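Shown below is the structure under consideration.
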Amino acid sequence: MPLLRARALCKTYGTVQAVRGVNFRLDENSYVTLLGPSGCGKTSILRMIGGFEEVSEGMLELDGKKINDVSASARPINTVFQSYALFPHLSVLENVGFGLRYKGLSRKEEREKARAALETVQMSAMADRRPRQLSGGQQQRVALARAIANEPRLLLLDEPLSALDRRMRKDMQIELKDLQRRLKMTFLHVTHDQEEAFALSDWIIVMRDGIIEQQGAPDTIYRRPETAYVADFIGGAACVPGKITDTAIGAYEIETPLGQFATPGVRGLKAGSPAVLCLRPEQLFLDPQGRISARVTHAVYRGAEWLVEAEAAGITLALTVGHDDVPEIGAEIRIGFDPAQVWIARTEAERRADRATEAKP
Amino acid sequence: MSRLSTLWVWAVFAFMYLPIAMIALFSVNDSKIMSLPFSGFTLKWYAEVMGDGRLGGGFLTTLSVAFPVAICATLLGGLAALAISFYPMRGRGIFAVLLLAPFLIPKLILAVAQLIMFNETGVERSLLTVIAAQTVIVLPFSTLVIASVLIRIDRGLLEAAADLGASGLSAFRRVVLPLMANGLMASWVVAFVLSSAEYVLTAFVSGRAQPLSVLVASDFRFALSPSLNALAVMIVFGNIALVALAELIRRRASKTGA
Amino acid sequence: ATDLLWMTWENLAKDDYLAPFLDSHDVDLTKTFIGTDDEQFAKLRAGGASSVDLITPGLDKVSYYTASDLLQPIDFDKVPNAKLLYDTFKKTDLGKTDGQTYGIPFYWGINPIVYRADLMDEEPDWSVFFEGDKYNGKLAMRDYALEGIMIAAMYLGIPRDEMFTMDDKQLAEVKKVLMIQKSKLRTYWNSIGDLTNLFATGEVVCAFSWVPPYYDLKEKGLEMGMAKPKQGVIGWCDTIAVPKGVEGARRDSVFELVNYLLGPTYGKMLAYGGPYAQSTSAARDEIDPEQQEKIFIKDLSVMDNFVWKQNPPRYNDWVALWNEVKAS
Amino acid sequence: MSLRVGTLLAAPVTAFLLALCVAPLLILFAYSFFRVDFVAISYDPSFANYAKIAGSATYRGLILKAFGSGALVVAITAVIGYPVAWFLAKRAGAMKSALLTLLLVPLYSGDLVRVFAWRVLLGAEGVINRSLIWAGVTDAPIQGLLFSPLATHIALTYNYLPFMVIGLWLAFESLDDAWLEAAADLGARSPSRFARVTLPLTFPGLVAGGLMVFVMVVGDYLTPQLLGGASGITVISAINDLFGTAFDWPLGSAIAWTMLAILMAFFAMGAMLIRRSSLVGGS
Amino acid sequence: MPLLRARALCKTYGTVQAVRGVNFRLDENSYVTLLGPSGCGKTSILRMIGGFEEVSEGMLELDGKKINDVSASARPINTVFQSYALFPHLSVLENVGFGLRYKGLSRKEEREKARAALETVQMSAMADRRPRQLSGGQQQRVALARAIANEPRLLLLDEPLSALDRRMRKDMQIELKDLQRRLKMTFLHVTHDQEEAFALSDWIIVMRDGIIEQQGAPDTIYRRPETAYVADFIGGAACVPGKITDTAIGAYEIETPLGQFATPGVRGLKAGSPAVLCLRPEQLFLDPQGRISARVTHAVYRGAEWLVEAEAAGITLALTVGHDDVPEIGAEIRIGFDPAQVWIARTEAERRADRATEAKP
């Protein structure tokens, strides 16, 4: 039995449909991320699970029991808020110990437990400070300690790292992942940063406009995107529109403005139906024999390599290039790729049509 | 929790309007005495108020005090609010205490003190002294109202204006002033209302011309005419109308983006 | 037109009383009403005399004003009706300084006990405020040190000539009975409108009062009684006085008004409207005997039995005592 | 932007307040050292008036009573006002400013008119007593409803509740909901949330609203006088008496300044409390 | 002559020394980024240049003339504020035209110029909206249009992209770079995101604690970091402490816990002095013959590849690994690299000592 299950979960604010029927499950001892652009409904889902927002429609089950109407304070779920929401009038230690008051512990046990939680996030030295005397990263750890001190079954994290600089974020990612492994809790982490999602998750739920576009293991999401949207959002893939011409076993044949290719893809595409060919920057390479001829429009330095943008038959392709091979802007280049490595996904239009028929029965 | 508090809020509002309801009832009660049981419906008290030349004159006096008080208080309050919340200044703490002082002094004490001062300095009591005195006690309110609007204005906008070449004055005129307009309006209304209701201070410092509030108070000494109830009802509903008007303006303004 | 401001009691300045004067004179009259004599003095003293053209101080209080140099002497040449003053008022020293009259007696009356005749068995006297517990919580007393202490003194039987110069021992006695009195009161009243309301709503059945509520409430159908206590009846007289700064045309108009106020037209209206007695005999003959009786001018000798209000030399102590009682 | 702009803006306001608020109070202060002789003020300074106040059980008692009343009404309005302020800040939405003003509007009916409305409501034969008798709760009218400290405090609560609500409302406006959610998240039920989060974090508003209410209650002499019955005297009405009836301006000034000094002490204490708690709280 | 020059620029707030003597120049028509972690003084520098904050010490020169005391409104410099600071009571067009009032243009010219600026950022269609009716990205463009409409010599941008999600940020980066090229203005861009700095800049100034750690072309910064701090902050390099044993021509010989290597490095290191060997993840590879033996501690999925962390002689190394080669956690691996490609930088301690002697004369 999964720890938590969301069934046809909906959230409506007045006339705004923020979450429009999502289904997912969170297993025990797993790290799940909710990934999607701003405004897609991630926070709304988290807040319903936390109990801060009423479920408009659908159901939330914890251990198989409906918890729609259980109050926030009664759920074995804790949250690390995006803004940390540390109590400014309490010391770090008191913040961390806040929830332990309701566990029937003695004051001494309370303090000990809070200290242990602070230890876990390596913040024991600052136990007596006030939140405002801490840096952003330190506050974040206190928020984390406060949430884990309560030993919840499920820990919710709402973009906990978005305020940190890149390096600090990387360090915290590693700490979070370690912590989840050590404590064997389930973490549900909201982010709009795909790299963060990859770094952390056992399972990724990609959202858009209140619905789930795709969910699966990180590798599946990255390598087998179901829709052009996921391919673009996750891998920065160029999505070349085309039409399936053949559905031979193991691969599709697709006809695109860039040529015809035999390539694996999502299941269920039919001959004659439109589809997109997803080409990620690191799958493309400069190749004098390449089948695609393109004109360079931009070249962006990225430290370890360059990201070159080129236009071919009206389509913008991006590819990564080593320092020594960067072409001039405006140059004609030829681009190659291995058709067996790229992927065919559904078009947005078709995906929407599918969803409509799905929804009916 | 939420339902309970909603209930509580309604109860509190009911409490606040309970005496008003009584006043309204007795303003249409056909008896000179304000006591139960009711003796029938009449509008004659309203007619009496309308027909009372003295109250009418007092009303005009009230207006001729309330308008300048509202303007002065809004002007001074605007300056004070700007100084305290928008433009940095030295000695802000002391200035804030000074601003709040009239608020913290029982009105009667202030009234007596002002009266003595006017007398000692040979200042004739007149509508001017009433306006000045009322402005003092309205000032903390109007400052508060305007400051609450100013606080919400992003200080960065001033920098943006300077960045784009605007001098301090031009930035004030083109950015701060339009953004604080609602606050000025609200302050004006609050000041107007407070001024027209004030009488402890007014009674002391007014000279020959007597605003309505003072007349009402002196009338009360002798006869509790129900027409005073009618007058109160008219003032309350007049104020509600003013507030509704201000609200309307604010809504319109916020719809257009300010 | 000349603008005049008259600081006075509301019931003296009704529009119809003044209409004949205003119709025949080019005067714009504004009235401002007072609640107590002392308030009138405080305002004038603090705010200067120049702000008002005519005031209505109590006879006992005129010395306050003259000591503060706030008044000008009455110009009797301009007030022919002053010749008609009753003898008592002509003879009194009150209102005069150095032989000059500063406050000319204007109207007078008594402060009786008013009570709900339907709710009280017998006519009360001052002792109702000090003895027995039948009317506990149903009584009211004016919140005014001078009268409050005078009543206690009358109840205690302190002679009239000692009343205003009581020594510490007598004052202690007074304080003791006032404390008893306080425990019997529903409340102290502050303005006559306030008291009228108290009677009308049934909060109070008996109070030291002024005359108007008796007639007002009777008119409204309540069974009212008015008692003149046998221990002594408080008599009062208010004067008209002209503040110092009033000069020129305005001064002329003011004295014309003063003369009118002491004349027959006004006197008659006051007798029926108030009902109050003017201090002159100008209108006496035009008033029918029943009304004369009401305002105590049928037999003028009653005036001799009144305890006229005076200004006690130790008034500050009186006020302190009064406050002590109230604060206890 | 130099500091001078703010100073320039503040200058006219400062001048105005110095002339019309500070100066009169200083004159009053000077008077408090003089003496009155019949109706003349004699200008030989002494501390006699202050000594008189210190020596008078009456005045000491009255000052104490005023502060007691102030504290009581602050407490009552705080209890009543908290949910209202919370509602206005967090639940009222677009109706917020309209509701706030509707809360204030009844006060414009005028103190005096309202006093008599209270008499009709609370009187022995008033609306409430009649209703109670009609409902069979009592068979005789409850006399103590009117002309009692109870009546005074009901009306005082009424008069100043809106000011407490405004103070608290301002504090609630800057109280982040996230803190309450965090508390709920950690298992705190609503009473505990209130005690451990809401109360400490809205404390500055409570102090600000409380000070306003306190000062206004202390300064209100009409309400106790007209509704409080035989014990309705207040220190302010005593001051009023001294200025009016007894013409003892110096003593009146001295009492007024004693009051002011104590109020200022309270104010300073309040300011310190706010500063301390905003050192701790706020953001 | 450079457009702008900062000489020994300092900013002190009370007792906080936010900027402690920085020197740099901005050339005409260049794109410069100020890069550094939170609180290092980036905004302070920008605000001094913009004229919103007084210079505490040192000098700012524009075209060789001191501008310390020139007011913000008189500087030919405009700013795109982090929070955009759009005027809420004015329409988009009026916002953009705001500064033109002070240029002595007619109303008509004013409007035309504003429209042209809106055209540049492709926002003409929204000219009549109010700022609040725009999305974050759109607001950002309006802020940009408003700043460029004034045709400043120098445009300051304070973390203009930090509020946007990753995909939108990438798009805006390309737009910004294009714009700078087309308008031939100088852009000074503040960020704490090194990828953003690389994508945009001709010149990068790396800051830390109010001082400049290093400045130079992006490639220099990336490939030739002067200090361990820069190597770590920019390239995520592991910095292995060691000691220079030889300073043969063209390369140093360094002795580290991981072994002895002959590697190029910063100038001026002396034999016997301490130094750090900087190993960036993409320079390390799994190699059965590799000289370094390590134990795997973490493996983080990054989509295109994995980031593996391994511990060798107490030092944590990170390396990128292809999907198919990811080792187990805890496994013993051997790591290799090409000594000619890596870099030796100064230690923090030495850098500080240098700075102290620099500061004296």
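As written, the chain order gives the labels A, B, C, D and E, with residue 1 at the start of each chain.
Rule of thumb we're sticking to: a contact is a pair of C-beta atoms (placed from the backbone, for glycine too) under 8 Å apart; a residue touches a chain by one contact, two chains touch by 3 or more.
Not measured: the values here are computed from a predicted model.
Both chain A and chain C are touched by D. By the count of C-beta pairs in contact, the leading chain pair is B-D.
In this assembly, C is the chain whose CA centroid lies farthest from the centroid of chain A.
We define each chain's centre as the mean of its Cα atoms; on that basis chain A and chain E are separated by 27 Å.
Centres computed as Cα averages put chain C at a distance of 90 Å from chain E. Distance between chain D and chain E, defined via averaged C-alpha coordinates, is recorded as 57 Å. Each of the following residues of chain B touches two or more other chains: 34-36, 112, 116, 220, 224. Residues of chain C found to touch two or more other chains are 46, 190, 194, 197, 201-202.
This structure has the following touching chain pairs: A-D, A-E, B-C, B-D, B-E, C-D. The part of chain D that touches chain C in the complex is made up of residues 36, 38-40, 58, 61-62, 65, 116, 119-120, 123-126, 143, 146-147, 225-226, 228-233, 238, 241-248.
On chain C, the positions that touch chain B within their shared complex are 3, 5, 9-11, 30-35, 43, 46-48, 50-51, 190-194, 196-197, 200-202, 216, 220. Only residues 154, 156-157, 159-167, 170, 174-175, 178-179, 256-258 of chain B touch chain E when the two sit together in their complex.
Interface residues of chain D, counted against chain A in their complex, comprise 176, 178-179, 181-189, 192, 196-197, 200-201, 277, 280-283.
Chain C makes touch with chain D in their complex at residues 36, 38-39, 41-42, 45-46, 64, 67-68, 137, 143-145, 182-183, 185-188, 190, 194, 197, 201-203, 315-316, 319-320, 323-324, 326-328.
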